[in-house]
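Paired with subunit B in one complex and with subunit C in the other, subunit A is shared by the two complexes that follow.
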Partner chain A sequence: MPRNSFEKIEIVSVFPQAKQVEDLIIEQAEKLGYSEEDIFALRLSLEEALTNAIRHGNGQDPQKKVKIRYRAQPEEVEIYIADEGKGFDPSLVPDPTREDKLECPSGRGIMLMRAYMDLLEYNVRGNEVHLVKQRLS
Partner chain B sequence: MSNLEISYSECQRNLVVKLAGAADMSQANLLRNQLETLVMGGKRNLILDLEDLEFICSLGLGAMIHLHTLCRKLGGNLGILNPQPQVRKVFKTTCLDQLFLIGNNQEELERKKQDRQGESL
Partner chain C sequence: MEKNSPKIKVTQENGVTIVELLAEEILDEGTISTISESLFAVVEDHAPVQLLLSFERVKHLSSSALGTLIRLNKRIDETGGKLRLCKIKKNLYEIFTITKLNKLFDIFEDRETAIKSFVC
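Right, the complex of A and B next:
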């Protein structure tokens, strides 16, 4: 079956615009019949990736853009989210489930995406995340 | 998905805070700020009733951790009541089920609270 091309969206670094993108992708996954569990996983990972791009990547600077490419297909949803930040090394982020980190109020986004997605990877610079969610059943 | 709705009731010496909707990127600050004001005003024993909370992200978790720490610092505590399965799974995935007291009803929560107090003696 031929693959759809990616849809492209560019937003400024504010949460209401990020929510609109999130709702749009979720709506398409719902139309494709993804399960409630898959939809929750997608919503959670989109929240984390967009929050990271806006807060940490772009420093909530409304002049800076977040670029999203996504493709929602019957068998999987694939998303790229890029910010204008200098990037980071995800391997240096401490494990938030360590006992000494449990009371830290931040730092759980990457581990949540890793737990809920089938693929999570960053580009070399560390300013673009690639997410894939395969249909559960 | 609906915005976060917050409502309150008193039960014995606890303030029961019922959350409905989504504790997401756009609502986490509301949760943190509203409840922080109440804790600082003397309501240091909180029970968050999550029966109608459909969604939580790391910012929502961060708000709850902040409130937990604040309550403890002031000699109180924060308990979590009846989270939905998907929300409970987020607590488990992040190991926050080891930090928070989580119960299916207030009696279970009270029992766990007493157990934890006993452990720390």
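Right, the complex of A and C next:
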């Protein structure tokens, strides 16, 4: 079965635009009949990834763009989210469940995306995240 | 008369301030910021507060929302109060277990048990 091509969206680094992207991708997953659990995982991970791109990647600079490529298919939803920041090394992010980090108010987004997605990976520079959610069946 | 905001409902019961979160999605920065402002105002108005936060209507929660809860817990602690959480749906509770925040917060299944726990 041929795979769909990726849809491309570019937004400025403001949170309301991120919400529009989330709603668009979620709507497509819902149309394809993804379960409530899958939709829950997708919505959470999209929110985390887009927030990271806008806040940490682009420093909420409205001059900087976030580029999204996504492909919603019956068996999986695949998303790339790239910011214009200098990138980061995800292996250097401390484990937020460590005793000394438990009361730290930030640093849990990557852990949640890793828990809810079937694939989470970054490019070498660390300014693009690749997410895959396979249909739970 | 308690001050309510569009995103929270505040009531009193047996000396416990009960805040019901009215938003189904506490994901985006705008919603989190509005709720955060209202919650911190409740904490300051009732200090030292015995605060019960009900998640009955909440369906989605992000890591930023967890950050707000952590800051709120810290502030309540500083002012000599106590925070309890209740009525968290199974899939949301999973977020607390993944992040091990179920160890940091006192979480109750139902509202009545949570209210009683303040006097124990």
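Quick note on the criterion: the second predicted complex is superposed on the first by the 137 of 137 C-alpha atoms of A that agree within 3 Å, B and C clash if a C-alpha of one lies under 4 Å from a C-alpha of the other, contacts with A are read in each partner's own complex, and residues count from 1 in each chain.
Methods note: contacts are C-beta pairs under 8 Å (C-beta built on N, C-alpha and C of every residue); 3 or more make two chains touch, one makes a residue touch a chain.
Keep in mind that this is a model prediction, so the values were computed, not measured.
Aligning the two structures on subunit A places subunit B and subunit C in clashing positions.
Once the two complexes are overlaid on the shared chain, A:Y122 sits clear of subunit B and of subunit C alike. When the shared chain is aligned, subunit B and subunit C each come close enough to touch A:T51.
Once the two complexes are overlaid on the shared chain, A:F88 sits clear of subunit B and of subunit C alike.
By the document's definition of touching, both partners, subunit B and subunit C, reach A:P105. Within the superposed three-chain model, A:T97 lies in touch with subunit B and with subunit C [touch as defined at top]. Of the two partner chains placed by superposition, A:Y80 touches none, neither subunit B nor subunit C. 15-16, 18-19, 37, 40, 43-44, 47-48, 51, 96-97, 102-106, 108-109, 111-112, 115 are the residues of subunit A that lie in the contact sets of both subunit B and subunit C, per the superposition on chain A.
Touching subunit C in their complex are the following residues of subunit A: 15-16, 18-19, 37, 40, 43-44, 47-48, 51, 96-97, 102-109, 111-112, 115.
Residues of subunit C touching subunit A in their complex: 27-30, 59-64, 66-68, 70-71, 74, 91, 95, 98-101, 103-104. Across the complex, subunit A meets subunit B through its residues 15-16, 18-19, 36-37, 40, 43-44, 47-48, 50-51, 96-97, 102-106, 108-109, 111-112, 115-116. Within the complex, the subunit B residues that touch subunit A are 1, 24-26, 55, 57-59, 61-63, 65-66, 68-69, 86, 90, 93-96, 98-99.
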